[in-house]
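Multiple structures follow.
You will see two complexes here that share chain A, one where it goes with chain B and one where it goes with chain C.
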Partner chain A sequence: MIASAIYTVLFYAIAAGTILLALAVVNTRKLLRAAVALMGALSTTAGLYAMLDAQFLAGVQVLVYVGGIVVLIVFAIMLTRSGELLEDNPTLKRKLVGAVISIGFLVSSVGAVWGSPFAIASAGKAPANDALMIGKALLDYGPGGFVVPFEVISLLLLAAMLGGIVIARKTPPTGQPFTSGGDLPGEAEVYHPLSQRDDETGGRAS
Partner chain B sequence: MNPLIAQIAAHSPGLRDWLALTSVIFSIGLYGLLTRRNAVGILMAVELMLNSAAMNFVIFNRFCLPARMDGSVMAIFVIAVAAAEVVVGMAIFVALYRYRGTVDVNQMNTMQDPVISIEGPGDFNREVMKNINKQYKSRHDH
Partner chain C sequence: MNLLFVISFVCLAAGMVGGGLVFSFLVAPHRPGAIKNTPYECGEQPIGQAWIQFNVGYYLFGLMFLVFDVEAAFLYPWAVAFRQMGTVGLIEAGLFILVLLVGLAYAWKKGVLEWV
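Moving on to the complex of A and B:
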């Protein structure tokens, strides 16, 4: 009884914290603060995962989301200098449209959830060692196994890594298309490193 | 037993409470997606939405099929896809910032025909556009 009460109080406290942090993510005008709020929201989500008996997933959430993705987003904010400028407040029309659409989605989805019957299994107990179960499920090639999506996701991560390097690379080799320079008109002239270096040495010599 | 504790324990969250929570988080992400103008802000809103969607898998797993781990596996896949998405998105933003000097999504019309978009609607930076048009024409003339 007491454990159930504690569970309930924890659920509502963490849920309220998550919602407040999510609101901060979308409403703050400084993007760096929004990134910090996103870090908090993802951390509280890890707590919710732990409350759902998915301890391994809570660890993965902290490692990948909080440790990796938020850091990447902070890098993106700093590399594009978005943290220095205040974002414009959205216009009233924009806010109104966003609020109407999102509240409409919320009402419809919660209504659908409340109105539909679910096959809730009350007797089941979560497995004690969930990391072991997840590992077995990921590498199981029988029915109900996930080995093919597992391999595909590894290919996807490799492709994303290579794509990120190719897209964000600063100086493309001359004559090579499909980079951030070269195929866009005017950029190769502006950002060519050799021509800039020639200008610098020419200035010093004269 | 204290009646207050009994009353609190009677309101233990069920499947519908968890799903309502993820719906609220998803709606907040949707609001951010529609109102933000900075591309990185939009990416953060998308992360919120992905996060709540991944949590739905775990919730259904916990309440409807607690003996198996399929929902957790799907959530791990969603997290991996989100990581890949952020990597590519950040690379695109950095390249775009280097080229345009901004990541404001209202000014992203590079994929339009540059000759057309100078007369087109919108608050595009006309000086930059004229410069691009000049180089575009001079390159295609000879």
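Moving on to the complex of A and C:
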């Protein structure tokens, strides 16, 4: 079966790409490169979902994680003072603690996967139109329906949005545009392209 | 076989990008200079470092985008199942959107949507 062989090769290629990109996330010294590698790792994970016939999950993975979470991470990185970790040399104690924690997480997650029965996977083929099934289950209010979690999700999103606004804002006067109130370091150095063009070379380092 | 189309499309796309890069690497003359190493910004001369600290307002815009991004992800299966669910589904999704609109109104009232 040539199709099955292609499928196997494709799976191992995507899985290897995911692992390499995930290693790049934790090994690079530049935070923005880590964010881009994270974007790639999440995209290849979406590829794995698509290979499992979970097209809706793959679409949500790209829409929410690649398009949303990583963008938010990039904004968070750009809020920080410096994007490089060049000065950071972790001590042996920190390395040991990190190793213990990550090995513990690996053991517990592998144990959780190992202990799960995965009855659906062994029951046969996935439904042909999974978005339709998910939509019906999401809106159904009878037994087996998820309409209450569906509405609770909107409350959760509302709480996240209000919480983010309340934490980040500093009560500007009514009608004033939003700023952080100048409490962040470097807030006074906000980039003004026109005001800094003072010499002919445009201030570029020679 | 749908998968074969996808694979051949991916291979073709990767080949076009990679082929272009490899061909220009092989053929193009390599004469680097200080001007050529500056980032290209539509003909504008770059000033200072590329690493500037963003205003925190951008982060809030990103956060609100993420919230409505997740909302879109949940409304997609609703839109697919809309014909089967009918009026009840419309009311449920309307409630879902209404709750999130409260957050949007709050952000609007607090001036988060004002561009700095």
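One rule holds in what follows: the second predicted complex is superposed on the first by the 136 of 206 C-alpha atoms of A that agree within 3 Å, B and C clash if a C-alpha of one lies under 4 Å from a C-alpha of the other, contacts with A are read in each partner's own complex, and residues count from 1 in each chain.
Criterion: a residue touches a chain if its C-beta (ideal position, glycine included) is under 8 Å from a C-beta of that chain, and two chains touch if they have at least 3 such contacts.
Because the structure is a prediction, the values reported are computed rather than measured.
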Between chain B (first) and chain C (second), which does A:E151 come into contact with in this model arrangement: first, second, both, or neither? second
Once chain A of both complexes is superposed, is A:Y141 in touch with chain B (first), chain C (second), both, or neither? second
Which chain makes contact with more of the residues of chain A, chain B or else chain C? B
Answer with first, second, both or neither: which of chain B and chain C does A:A22 touch in the superposed model? first
Would you sort A:A160 into first (chain B), second (chain C), both or neither based on which partner it touches? both
A:V60 contacts which: chain B (first), chain C (second), both, neither? both
In the overlaid three-chain picture, which partner chain does A:L31 touch, first (chain B) or second (chain C), both, or neither? first
Tell me the contact category for A:I103 with respect to chain B and chain C: first, second, both or neither. first
First (chain B), second (chain C), both or neither touched by A:L72: both
Counting contacts the way the document defines them, which residues of chain A are shared by the two interfaces, the one with chain B and the one with chain C? 7, 56, 60, 64, 68-69, 72, 75-76, 79-82, 134, 138, 153, 157, 160-161, 164-165, 168, 180, 184, 186-187, 189, 191
For the chain A and chain B complex, residues of the former touching the latter: 1-2, 4-5, 7-9, 11-12, 15, 18-19, 22-23, 25-27, 31, 34-35, 38, 41-42, 45, 48-49, 52-54, 56-57, 60-61, 64-65, 68-69, 72-73, 75-77, 79-82, 87-88, 90, 94-95, 97-99, 101-103, 105-106, 109-110, 113-114, 118-121, 124-127, 130, 133-134, 137-138, 144, 146, 149, 153, 156-157, 159-161, 163-168, 170, 180, 184-187, 189, 191
Can you tell me which positions in chain C touch chain A when the two form their complex? 1, 3-4, 7, 38, 45-48, 51-67, 69-74, 76-82, 84-85, 88-89, 92-93, 95-97, 99-100, 102-103, 106-107, 110-116
List the residues on chain A that touch chain C in their complex, please. 3, 6-7, 10, 56, 59-60, 63-64, 67-69, 71-72, 75-76, 78-83, 129, 131-132, 134-136, 138-139, 141, 147, 150-151, 153-155, 157-158, 160-162, 164-165, 168-169, 172, 174-180, 184, 186-187, 189-191, 193, 196-197, 201-204
Which residues, counting only chain B, touch chain A once they are in their complex? 1, 5-6, 8-9, 11-21, 23-41, 43-45, 47-48, 51, 55, 58-59, 61-73, 75-77, 79-95, 97-99, 103, 110, 114, 131-132, 135-136, 139
